[in-house]
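Before anything else, here is the set of structures, which you'll find just below.
Below, chain A partners chain B and then partners chain C, in two separate complexes.
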Partner chain A sequence: MKRRSLAVKNLLRKPGRTSALVILTALLALSVFGGSVVVGSLRQGFRSLESRLGADIIVVPSSAQSKVSFQNMLLQGTNGAFYMDGKNLDRVREVAGVELAAPQVFLASLKADCCSVKIQVIGFDPETDFFVRPWIEQSYTRQLGDLDVVVGSKVESGVGEIIRIYDERCKVVGRLAATGTGLDTAVYCNLSTMKMLLTAAEEKGVSHKVSSDESDDRISAIYVKVKDGYDIGAVNSEIQGHTRKCSAVRTKSMLTDVSDSLSAISGTVATLIGAIWLLSLVILVVAFVMIANERKREFAVLRLLGTSRAMLGGMILKESALCSLAGGALGVLTASMLVFPFTTLIETRLGLPYLRPSAGTITALALAALAATVMVGSLASSWASFRLSRVDPGTVLREGN
Partner chain B sequence: MKRFSPGAAAALALSAVITVGSVSLLGPCVHEDGSFGSCHWAGQALLGIGLLLAVLSLAALLVKDGRLRAGMLFAAAAAAILGIFVPGTLIHLCGMATMRCRAVMRPAMTLLCALTALSCLTGGIAAYRKAGSEK
Partner chain C sequence: MILSAEQISKRYFRKSGEANHFYAVKPLNLMLRPGTVTVLCGRSGSGKTTLLHILSGLLTPTEGRVLLGETDLYSLSDKELSKLRNASIGVVPQARSVLDTLTVKENILLPSLLYGTEDRSEEAAHWMDTLHIDGLADSRASELSGGELRRTAIARTLCMHPPVILADEPTGDLDDENTQLVFGCFRKAAEEGAAVLIVSHEIDALNNADVAFRMDGGQLSTLS
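Presenting the complex of A and B:
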């Protein structure tokens, strides 16, 4: 009990030294916790995208594919408006091996009064859809009526609120669970509502690439599910041959692109964390050795007063563990203040699916960061602790004279 | 009474960041058509709160009387707490989470105002205690 209080007293007696050690260990915890939360969020976002992309193949107009606009729309929420002939849907359905084919119509450049930015409206056919519907059914189980919309998690409108799109009053009937992808910034409606919105836009003199008259014949994307037993690659090639001015994209190739970017970012973050840890470890070891040299006489006196070597070593370890614990807590707190409130900003800047892990995972990461920091702090002081406990009190005190 | 108060100094630095930030990097959305959204007014309110915080914390740094300093720091803490509730609660922001007012201004200002309130409260308590012990 006495030793414990002595360790605390030693730390309080030298606030400058203690603060420096706390800040150094806080840097360790900040880097490992902040880095692991960012990487964990990217992985969670990727898993979410993987599960959301229930289709095996996505058919988009060639223009969309060449501009990578579809992938950007999906990952970053960039507004996309590209159209192809609606007959392509029938052509896709005729291909052997196609189990389901669902169309979607995208509308960009619609200015909603809710946010004074262009929002992406995605129209889908509730009868045939298998891409959006299962996701919507998690929050809204009834049939979407005319001018009923379901909003993504990043559209700040509550259920029951009215959002005006080209003066059309659309009722928000549901809010979707976050996916960490660009789909979170979109508004979803049925094709009939989409037609009304197009008409409303035209009445205001805003023209789109597709007019309301031909909206039944124009679609933006076709989501395809391949029957079991068929080779997805072969079906993809078949679709490519059957459709006109279209590109059939395998979702797997899209996921591979995202996965490659994710690996690159994870690698960079891991390298940075490693570098910070190595640097901090070296600084900590040097700091503890310097402190040990500075405190030689203090420990010599303690030895003369009857403190055993083990007790001295234990006291140094306790001091460093306390510093590391305080630093670890400070680092985790600082990382939390920097990473969690700015989730959307990080997601936008990275341009990759980003979904915060569950509270349990975050707590586990925080505890792991704290434990690692305390372990490294104790490890760094162990050499100094060993050297100090071996000090010969007589020699040290004579040196001082 | 000792002249320097670390709490007031920290509050002054943070309020400078709030003031400058509310009209620059940490400010509301900039609309292409030059129109103002409600987030603009949240930014203006934060500018006012930032200036008030700067004046109060500067005054708290300069005054010698401990109780007066404590009073100023407590008033600044109240203003900083008000600042936490300005973006999003007292004044609505834009409707999309990806917009600057929601992605940058709100979290940054909430964090800065919370830190300012903490600095002012700790500085105020320290000043009040010191003034009490000097009597």
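Presenting the complex of A and C:
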């Protein structure tokens, strides 16, 4: 046995006391790490959404706002299909200040024999698109052919597999990087494929006609980029006046809504972490003081045998640091088992973009949580350590006579 | 090495009573010489344990000084005094002092581990054998009787071969046979050059004494 191993022996041979301290510190690490990962994922998701929403204005049919919130579709992947007259695209392009205007057509597949999965299908025009194409080009650089689809990161179909949509056999040619938004649960194709799918859907009895118009030329949304020097608000109002039965939504207001929700959730999580931290600190201080009182005789004996105050303090700090380290590791591990396998559930419950930070960031968060736990453990034990090192061993030994 | 106390006293304050303070140890001089067994007897509360704690460097006297050789114990820093106590002053306290988390053998070796001095496993084995606790080397304190705990504490002190041994009621929990055994061990330590002070009620202790003192109301007097 060496002096260095005395602290370890003390911990191992008092398993009840050690377990209680490890569990207390584990709770602290769990809350700090778990909370940080959730907040980090929300922030990452928001950044991803911000970078994906390259458009300044999105034009959707007025009915879309009541039928299914476009924002929900974008953020949570809620399936939806709403249409407006395709002529609105030309009308938008005519508005002064519009630099680019790209159409998209939505289609929701069915949970039926004709479809492999119930999924949102998004058709885009590769010639004019500036919203989906740059993203798709990261994973698939060639031209999308007819019945070729690229799938979002959460669609469970691999490249080369076939997805049946209204009995049309679509080939998966690429898989997109995760964005943490509803875009991850969608399937993307060109407008020609979309036309085939719409026709197939109609053959199955699913109508996608624009209610007051029998035209075949229908679109679901127009993504607009405003020229530099133009006021986005003014262009938005101008589009509103030029189009029929449409709502022009500024993406900034959509982002502000998300940002507000994110701030509220981050604030709540931060408050919770702070409260748990403070509570843990108080509980740990009380626990260490109680343990110190229980061990007064043991420390008096060590002083009697020649242990200096500094050595004694170091021994107590070492014990608490070891406990906190073990508790911290246990807490981080438990938080990982709670947070990572349930990412989808957390995302659904929060209803906000949620994208797990990189492995490097998660490692840094885990190390920070461990360091914070060890720091709190050491801080909590330092008071007990100070008090104990000042105890008069003679008096303590005499008390037990 | 001589341990000497020069005009040491210990005064405590108390809230009740006529005077607001009292002397646990009245000013006294005491010298513990190498090769000598000194026995200190007296009634409970007479100040014996307080004196022993002052001599061991655990309790600062109100007045006076304690010298180990030429070194004034209470002029040293805590670090220096702790190291000196570890190497030179072996204390057997009256209260239970065996650590629960360690085995008997680990308890006996503990003082030598604190400053990483040489391996004393052989001495530990020798003293465990001498004090008839060799079969308990791997036992924990909770498994020992009062007498076994006492002998473990004595073995722990003797294992370090300190030049000064201060034992407070070392035979309190022991039967006659083990009492004689312990006094024999202290005598042997004295013969090897240690200055031994035994605080005891036992008549047997006085029979083993080279020098004997009595303490009464904090006052020290020589017993003939």
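Convention: the second predicted complex is superposed on the first by the 377 of 401 C-alpha atoms of A that agree within 3 Å, B and C clash if a C-alpha of one lies under 4 Å from a C-alpha of the other, contacts with A are read in each partner's own complex, and residues count from 1 in each chain.
Everything below uses one rule, namely that contacts are C-beta pairs under 8 Å (C-beta built on N, C-alpha and C of every residue); 3 or more make two chains touch, one makes a residue touch a chain.
Keep in mind that this is a model prediction, so the values were computed, not measured.
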| item | value |
| --- | --- |
| Chain B versus chain C as contact partner of A:Leu281, first or second or both or neither | neither |
| Touched partner set for A:Phe342, first chain B, second chain C, both or neither | first |
| First, second, both or neither for A:Leu379, with chain B first and chain C second | neither |
| Which superposed partner A:Ser157 touches (first chain B, second chain C, both, neither) | first |
| Partner, of chain C and chain B, that touches more residues belonging to chain A | C |
| Contacts of A:Ile265 with chain B and chain C, given as first, second, both or neither | neither |
| Which superposed partner A:Ala20 touches (first chain B, second chain C, both, neither) | neither |
| Footprint overlap on chain A, where chain B in one structure and chain C in the other make contact | none |
| Residue ranges of chain C in contact with chain A within the complex | 49-50, 53, 56, 58-59, 78-79, 82-87, 91, 93-102, 106, 109-111, 113-116, 140, 156 |
| Chain A to chain C touching residues, read off their complex | 1-3, 6, 9-10, 13-14, 297-298, 301-311, 392-394, 397-401 |
| Interface residues, chain A side, partner chain B - complex | 77, 112, 114-117, 119, 153-157, 163, 184-185, 337, 341-342, 344-345, 348 |
| Interfacial residue positions of chain B with respect to chain A in the complex | 29, 31, 35, 37, 93-99, 102-104, 106-108, 110-111 |
